[in-house]
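There are structures below to look over.
Here come two complexes built around subunit A, the first alongside subunit B, the second alongside subunit C.
Let's turn to the complex of A and B:
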């Protein structure tokens, strides 16, 4: 276990060295992400300032959901989204053997060696808006924060699971650049109050591919708007991650490389 | 002692035939014709511990696929591979700790940062102690003469410098076996020579090397054991001297003639190459006549200004074996 921590920290340092190699790109990409996330809630603000609303949800409550979604996406980008594009890239170029030559799990190696610093801006933007929204919605109880943290973690697990499933597909369907877009569209359901969707979508987003955990459920926890049943959704999140790891490791066996 | 044992190894997969041109492209979009490929076709061989084995073959022969299966990166379709009692693909995590690999066309170094940072990452991954790491790095850096190079970003290094660093990356953890897939591809003579020197030095220290290459000089200067693969099948598996004598005891005689000669043979030797009407090469079969008799007959037949006698070149031997 300690050796894995050591490997992760060493690889993390290496990732930062890589990102710092192009300082202007590093700063600009994070600044642009930060700005786009601050500007992103404009649509929600416009809806509310024009008299429309998501029934039962105030503007700041909806903004809180969306800012938690951004925070969650930011952390997932930093920690686990590399598994998707690194795997896709290696499989397409036939260089996955350079990963398989490492005496550790390929999954762990890719996650360790490809910490994506572009998620920093996304996380910082989300955090800023979360704080601002929280201030506007009123005092948040300590118990709600604990519930939020549990559900936020579950949301990260879902995002990692999604990345793993998509990465696994790339072993079979080489160069499928459109697949991530389908999953990105699915994630969008976590960005809005779940009550606005039809019942079928709510069930899928809560228990099948639990994307509601990415923004809606943790934000609701902060607002004290969840029931005990919400925690049942943590189970499919964990199962989704386990499935992701299983399918990824299984699909590695299909790797064929390309001519040398 | 046998360190690698390969029995009836097969790797097959399916590709799809795609047409060229608009009509064919549209057609293949709706209906693709599967094409089964047997990249490695029932190959068996053994490699001795402490040896250097060269795997030769033309493009698409199955060399790289074979070496990837030996590294544990690809699962065989059938047959078995045993390396140091490991089944490479099945025991991958434990097995790869004991081996090193350099893929000439696929870098293990991180592009934007200096090789020294990539080495540090491998140190953590392989759990190399500080003392061992420092000692090994110092030794390898000295051997390759890359003291300054390892501190420059990989992207600014020349191909030769990068390959030397790839070698260090692959050998820091003291592997018992090192697999080299086209290790000298695209390198200049100086870089090739340095890499060959280091391979020989590491081999003297006990490391087993398996290399695939197109460069016959690599084989002549490094490998005592040669395996030739063509169309996925093994066509030769023996030592280098056996390879050289496989086409019989022959010599190549290069002649610079005093006046043009049009015939297909001279003094019982076949004309095998004409660079111009005066510069020709002959193949002398020493099983039919000895070199002294040939020289006597030759001087009676033609006038020449210059002559050199050489061994049958490796490329000629290999080409003939491929064609057979």
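Let's turn to the complex of A and C:
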């Protein structure tokens, strides 16, 4: 276990050193991500400034959902998004053997060796907007923050699970850079109050592909708008991650090494 | 006349080869058949919830809004372009040199490629999604005024290409133009009306947008498609909106040529 921690920390240092080598690119890409975060909730702001609303939700409450979503996406980008791109690239080039030859789990190696610093801007933008939105919706109780952290972690688990499923698909659907679009479209359901969607969508977004855990549930916890049953949704999140790890490892066995 | 015939043959040959080349990845295009409807469903529920009992928001009724997002998605499939990425890659790697040696202007070559690529998009993205929107979601997706719509979408196609090509030309100065492209894409997504119709923006912003290229790539053709009687902050009729779109495209075409002549002098063919 300790050796894994050491490997991870060493790889982390290397990732930051690499980012430092291309400082201008690092700053530029993070600045753009930060700006896109500021502009991302523009649609919500324009809807409310035009006199419309999501019934029962104030503008700052909806912005809170969207900023928590960004924050969660930022962490997931840093920690586990590389699994998709690195796997996809290796499979396309037929060079996944270089990963398989390492004396550690391929999954752990890719996650450690490819910490993505571009998620920092996304996280920083999401965090800033979360703080601003939280201030506007009122003082948040300590208990709500604890609930938020548990659900936020569950949301990260979902995003990691999604990355693993996408990476697993890339073993079969070689070189298709549009795979993420499929799952990004599903994630849209986590950016808005779940109550606006019909019952079927709510069940899928809560228990089957629990994208509601990425933004909606943690933000609702901060607002004190959740019941005890919400924590039941953590179970499918964990199951989703287990499924992701299982399918990824299973798909490795199908790797043929011919590229595509 | 011979010149035009020759250009047509060039265009047809490049477009055909591009079509064949990308046909190998046609299942990639079919991702849109899933992604497009899912995004549309999200928009449908969002706007149904937002409208509630309201009859009209920012001058648009709910049915118009639903049609707007369906039509925007379809226009996106017809006008999608990555000439900027392609050009900056050629400049960065020095491969642009091979195009300087050919007896064909690279921009014309790139436009022909885009035509071939989008013909493929027409069959594998546009048509399936159009049928899904029309028959599954029961949206009236038929253009209100067919000829004006075709003209407007063609102009949006050209506008998108020429602006992207100009963005790609920044690589002659910066070598790595990824940052500029990202900034442009971000601004374009917002001010083209893809995120939310421009009628939701403050009037000053809408007025400024009249003089920028963004709305001519999505908002104007979408409004022409759904047959809105008063388009944009200036309340254009459909013919007026298309006329403005034509003028905007002509200006960008001229600008693109001026920029090309200035930029190409900076090309070193070294690569980086």
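Rule of thumb we're sticking to: the second predicted complex is superposed on the first by the 258 of 260 C-alpha atoms of A that agree within 3 Å, B and C clash if a C-alpha of one lies under 4 Å from a C-alpha of the other, contacts with A are read in each partner's own complex, and residues count from 1 in each chain.
Assume contacts are C-beta pairs under 8 Å (C-beta built on N, C-alpha and C of every residue); 3 or more make two chains touch, one makes a residue touch a chain.
Remember, predicted model here, so these are calculated numbers, not experimental data.
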Looking at the overlay on subunit A, is there a clash between subunit B and subunit C, or do the two fit? fit
Give one of first, second, both or neither to describe whether A:235 is in contact with subunit B, with subunit C, with both, or with none. neither
Classify the contacts of A:35 with the two partner chains as first (subunit B alone), second (subunit C alone), both, or neither. second
Between subunit B and subunit C, whom does A:186 touch in the aligned arrangement: first, second, both, or neither? second
With both complexes overlaid on chain A, does A:178 touch subunit B (first), subunit C (second), both or neither? second
First (subunit B), second (subunit C), both or neither touched by A:113: first
Let me test your reading of the model: by the given contact rule, A:101 touches which partner, first (subunit B), second (subunit C), both or neither? first
If we overlay the two complexes on their shared chain A, which of subunit B and subunit C does A:43 touch? Say first, second, both or neither. second
Tell me the contact category for A:149 with respect to subunit B and subunit C: first, second, both or neither. neither
Shortest span in Å between Cα atoms of subunit B and of subunit C, once chain A is used as the common reference: 5
By the touch definition above, which subunit A residues appear in both interfaces, subunit B in one complex and subunit C in the other? none
Given the complex, residues on subunit C that touch subunit A span 25, 27-28, 31, 34-35, 38-39, 42, 45-46, 48-52, 54, 57-58, 176, 178-179, 182-183, 186, 190, 195-196, 200-201
Under the stated contact criterion, what part of subunit B meets subunit A in this complex? 13, 59-60, 63-65, 67-68, 71-75, 92-94, 96-97, 99, 101, 103, 105-108, 110, 112-113, 117-118, 120-121, 123-127, 153, 181-182, 212
Any idea which subunit A residues touch subunit C in the complex? 25, 28-29, 32, 35-36, 39, 42-43, 46-47, 50-55, 173, 176-179, 181-182, 184-186, 188-189, 192-193, 196-198, 201
How about subunit A: which of its residues touch subunit B in the complex? 3, 6-7, 10-11, 14, 17-18, 21-22, 93-98, 100-105, 109, 113, 253, 255-257, 259-260
